[in-house]
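After this come two complexes, each holding chain A, first together with chain B and then together with chain C.
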Partner chain A sequence: MGETSAILVEVFFETLSFWWVIIPTIFLGLIVGGIPGFSAANTIIILMPLTLAMTLQTGLVFMVTLYCSARMGAGIPAILVNIPGTAGAAATPLDGYPMAKQGKGQQALAISFVSSSIGGLLTTLVALATMPILARVGFYMHSVEMIVVMLFGISLIASIASQDMLKGLIAGFLGLMIGSIGTDVVYATPRGTFGFLELYDGVPLIPALVGLFAVSEAFVIIEKRVIVAKEGGAVKGSWTDTFDGVRIALSRWWHIIWTSIIGLIIGVIPGAGASIASFVAYQQSRSFSKTPELYGSGHPEGLIAPESANNGVTSGTLVPLLVLGIPGGATAAIMLVVMQFHGVSFGPSLFESQPKIGYGMFMAMAVAYLLMFFTILPLSRYMSHVTTVPTIYLAPMIISFTLVGGFVPREYMFDMYLALGFGLLGYIARRTGYHVAAILIGIILGPLLERYFLLALKKSDGDISTLFSSNLGNVLWVGLVLSLVLPIYFGRRRKQKVIPT
Partner chain B sequence: MNPDKPRRQLGGELVIPVLAIVFTLYFFSTIWNSPWTAQVSAFAVGSILLLVCAMFILRCILSIRSGEGSLGFATLFSREDLATGRIGLLITTVGFCVLIEWLGFTLTTFLFLSISMIILAKGKRPVFIAAVSAAMALGGWAVFIWAFDTRFPRGWFETTMKAVLSNG
Partner chain C sequence: MTFSNLNRRRFLGTSIAATGLTLAAPRIARAADYPDRNISVIIPTREGGGADRNFRAFTSIWKDKLGTDFEPGFFPGASGRVGYEVYMGKNEPDAYSLIFGNMGPEVLNWAVQAPTFDVNDYFYFGQVDKDPGCLFVGAESKLQTLDDVIAEGKKRKLNVGTSRMAHPASIGLLALGEETGAQFNLIPLSGGKNTVAGAVTGEVDFSVLTSGSVIAAGDAVKTLLVFGENVVGEALDDAPSMNSVYGTDLPEMLSARAFGIHKKAADDYPDRMDHLNTTFKATFDDPALLEAYVASKGTPEYLSYGGIDECEAFKNAMLELGAKYKDLLSGA
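Now for the complex of A and B:
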């Protein structure tokens, strides 16, 4: 124990000496995270020759920092212009963008940065302390358990639908139906592809995200001169808003803790990811809030939950990578390749044979989050001015850069047209009162839910009772039912208490 | 019914449910003779979607019959779309998608930004708009293509610049 502590302290200070790598990488991460299509994974692939040329430690610090800062960067356009940089930030605009429209963009950014930094830092330390236990979580999560985790995320559709249940359900189920496009996982039978080979792998996520959020938003915002609503007041651009945001986030420290832990646990599960974590965290945050009716109208807790959770995922994905050699996501898989190039072998022995590498990755994450807190937070004052740029300039910029972002992951021109198609769908949805986030939840989680559902049925020869055959699964089912029923019960009790007064 | 209250324009609200029904029926037609693994999830989700769409359409019919709603499309299309330049922006966006394959990222972005901004600004400040468009397009080229060699669509400008830069 004492020896480990000494190594941790040594590695911490050693990592801190790489500030000259970390700080520029933070800004690079903010840029690539903020533009749909330019994920951290893509950037690390593009810069792989550079990464391989660096020393192992420098390369690790670079990759880990880029991973964390891209995650944080994805929330910036989500808050300011309603465009999530990655699917992991898809729940961020639900409350972040209404805040920006009310002239509280700077405050919202500060809340996002604080909850992301603290969430990421805290989960890194928790992951470090509980690595052996967390590494086993993946072993217990089979198809049945994953079905329930997906349903936790999908149940957010019901919350979004609360204003008009039928419209919300139509949007959510339309998303699930669109998510079913492509070949089925068992026999590869093409379904609903309109004859396009490009859709055989399913609907690509980035063009859907770009279309539903960015393109449709660009067509909507041109009605106003600037994004900030008249009643929201002008953007003041003083430090007070930043400090207010920090105070609001810190006063909800418990909220940051438990939603980031949700992210950590989901991050540990291979195949899950930041999008699921942020949807689940948002839904759970709303379910157990004393003011669920404020969610969706610019409620700080609705912003804290997805941002803490998706940054909690980053440390979670490192656990199976380092302890078991199983990457928890695309970026972790690329890190695996780079580390193997340098001759690092994974598994429990890593922490005995090369403790500086094993612990070093977590320390790099901790230091990156620490430095991010101090370097990005002051920028919120200047970033928030995006909401005051006239929309006649902003809208075409959004369209051109995000549509090209839709092209980048697969290099198909088809994907740009697909993004345009989703843009029209998103525009119609926005103008007629359907929630684009509900459509996106369906598109993201639908294919995953179907895959796990079919796997469970195949394993049990079509016996549907298999869904209730595992102890952990049953615990999760109970948790799911409680998370749906208890808020209704508490809501009724609150109303009953209010009526006599 | 209050005669002073404007009637709710339900035509626009029906577009998504109608699209959903058409798409679901098409989807069903593609899996009708497929193995059960391809059908089970889609039939379950599609059936619920058809059901909620039917309920929504029924609600609209009742609303129209009671005089509270009409089949108007004002929420979706209006004269404002022409006035704000939205139709123009849609046309330039389609043009952007078509041209980028031939002209590459930089030139197409410059053209798209210039024309779209001039349409939205109703022809005001063309020189400023051209300068902003050029700066954005060149900035995008410098960061994404020149510095990071990102897989953006390439055309004459990118090829020429690559040749110029590689030959010093």
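Now for the complex of A and C:
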């Protein structure tokens, strides 16, 4: 224990000495995270020759910092202009963008930065302390258990639909239908592809994401001829809003802690990711809130939950990579390749053979989050001015950025048309009172639910009772039912208490 | 030569030769010119993956022999199907356009689900490497030997992770089941990363996959059987080959990356095809290739030349095996 502590202290100060790598990389990460279609994973691929040329420790610090800051960067356009940079930020605009429209963009950014930094830092430390235990999570979370986790996220559709249940459910169902396009996961039989080869792997997420949220929003902006922030009041542009945002976030410290832990736990499950974590955290946050009716209207807790959770995922994905040699996500997989190039062999023996590398990755993450807190927070004042850009400039910029973003991941022209198609669908949904977020949840989580469901059935030779065959799965089923029923019960009790007064 | 020697027979002979030379001149000139621009290569997988690294390593040497550079275009999707459809449907058959695919899983795909083009309209002419499939368990699995696997498979149907149903390693497993009477249930886990994770975390009883990804997983897994020759020894835990254990004559179940070309291009431009073949072979004879391959993290033992005949035999074997196991692989 004493030896490990000494290594940790030594690695911490060594990592701090790499500030000259960390700070520029933070800004690079903010940019690539903020541009739809770009991500830490494809940036590391593009910069791989550079990464391979770096020393092992420099490369490690660079990749980890880029990973963390890109995750944080994805929230910025999601809040300011309703463009989630990645699927992991898809739940961020649900409350972040309404805040920006109310002239609270600066406050929302500060809340996002604080909850991301603290959530990321905290989960990194928790992961460091509980690594051997956390690494076991993947041994218990198999397809049956993951079905229930997916249902936690999908049940958010019902919450979103609470104002108009029929329209909400129709939108969610449409999303699930769109999500089922592509080849099935078992026998690769194409379904609903209309002969388009580009749809064989399913509807690509980024074009759907940017189309539904951003392009449709640009159409609305053009139609209403409004400036984003002018809907609720002018942007003040003073430091007060930043401090207010910090105060709001810090006063909800407990909320940051438990939603980031949700992200950490989902992050350590191989194959699960930030999009699942952010929706599950948002759903749980809303379910146990005393003011669930405020969610979706610019409620700070609705912003804190997904941002803390998706940064919790970041540290979570490192656990199976380092302890088991299994990358938890795409970025971790690329890190694996780069580190293997340097002769580092991941797996159970890493912490015995090269403890400085193992602990160093977590320490790099902790230091990156620490420095991000101080370097990015002041920028919220200036970034928020995006919302004051006049419509004639902002709308074309949104559309062109998002179309490029739709193109980048696969470089298919088809994906640009798809983004426009989803933009049109999103616009019609908005104009007719259907919630685009409900459609998107279906598109993102539907294929994952189907995948785990079909795998569970295939493993059990089609026996449906397999869904209730695991103890942990059954505990999760009970948790799911409770998380759906208890809020209704508590809501009624609150109303009953209010009526006598 | 004097005019007095020019008789009718010689005149006719010379005229025919001259005419033939004139007619052939453009083609000879074309051969001399080829290639006068970059060669585009369709890669049906994502940028940054194993195929990309392999392609860059090989073409870094080949380009000097061929005298031009290569421009890769990445068309991932549908287990490689998108890239092949783009190549066959949209690229000119003029030998300026090649495909760099995987003769194992991608050809097996055609047997299970036919593409829109005739599979005989293209052929592979240059194999770069071959990587055999293998059977492996998680480090903490109760099944630690091949005997454990077979004995347990005779008691109950074992769930076996695979990258996808139509994969050479899946065929290897089905053949193992036929040979031993053990029962296996193939579970497609969508990609190598998930297939390794499935075996390690106990989602499945064990997995089958091409060995490169298994070697990369290090201590987390233990290899028990190779569906081909184990040329890397300890890196695959000295696992024996299926044929040596059971006396079968199963062809090697390989992931084999190779360059392919339109058949029409080879028919219309035999000289260009010849130039491609010659320079491809010369690349293998250059010691710099091994250095480039190792630098790109390729397993040196897997670097393996194959010409048109070897590739054709491999492609046909995959199509034949795919047809044989089609029902099991497609759920028909």
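As a working rule, the second predicted complex is superposed on the first by the 492 of 501 C-alpha atoms of A that agree within 3 Å, B and C clash if a C-alpha of one lies under 4 Å from a C-alpha of the other, contacts with A are read in each partner's own complex, and residues count from 1 in each chain.
What we mean here is this: a residue touches a chain if its C-beta (ideal position, glycine included) is under 8 Å from a C-beta of that chain, and two chains touch if they have at least 3 such contacts.
Everything numeric here is computed off the predicted structure, so don't read it as measured data.
After alignment on the shared chain A, the placement of chain B and chain C results in a side-by-side fit free of clashes.
Contact with chain C, but none with chain B, is seen for A:143 once the two complexes are overlaid on the shared chain. In the superposition on chain A, contact of A:185 is made with both chain B and chain C. Of note, the Cα-centre angle with chain A at its vertex and chain B and chain C at its ends comes out at 80 degrees, rounded to the nearest 10.
Once the two complexes are laid over each other on the shared chain, residue contacts for A:340 go to chain C alone; chain B is not touched. The wider contact with chain A, measured as residues touched, comes from B rather than the other of chain B and chain C. Applying the stated contact rule after C-alpha superposition, one finds that A:458 touches each of chain B and chain C.
With both structures placed on the common chain, the touch criterion links A:434 to chain B but leaves chain C unconnected. Within the superposed three-chain model, A:43 lies in touch with chain B and out of touch with chain C [touch as defined at top]. Shared-chain residue A:257: touches no atom of chain B or chain C. Residue contacts after overlaying the shared chain place A:411 against chain B and chain C alike.
Of the two partner chains placed by the overlay, only chain C lies in contact with A:200; chain B stays clear of it. Figure legend note: chain B and chain C, brought together by superposition on chain A, show a least Cα distance of 7 Å.
Common to the chain B and chain C contact sets on chain A are residues 185-187, 189-190, 411, 458. Looking at the complex, you find that chain B touches chain A at residues 12-13, 15-17, 19-20, 23-24, 26-27, 30-31, 34-38, 40-42, 45-46, 48-49, 52-53, 55-56, 59, 75-76, 80, 84-86, 89-90, 92-94, 96-97, 100-101, 105, 109, 112-113, 116-117, 120-121, 129, 132, 136, 140, 143, 148-153. Contacts from chain A toward chain C in the complex involve residues 42, 45, 48, 138-139, 142-143, 183, 185-190, 197-198, 200-201, 270-271, 320, 324-327, 333-334, 336-337, 340-341, 345-349, 410-411, 451, 455, 458-459, 461. If you check the complex, the residues on chain C that touch chain A are 47-48, 74, 76-79, 81-82, 85-86, 112-113, 139, 157, 159, 164-166, 185, 187-190, 193-194, 196-197, 200-204, 216-220, 297, 329-331.
The touching residues of chain A, when paired with chain B in their complex, are 31, 38, 43, 46-47, 166-167, 169-171, 173-174, 176-178, 180-181, 184-187, 189-194, 215, 218-219, 222-223, 391-393, 395-397, 399-401, 403-404, 407-408, 411, 413, 416-417, 420, 423, 425, 428-429, 431-434, 446, 449-450, 453-454, 457-458, 462.
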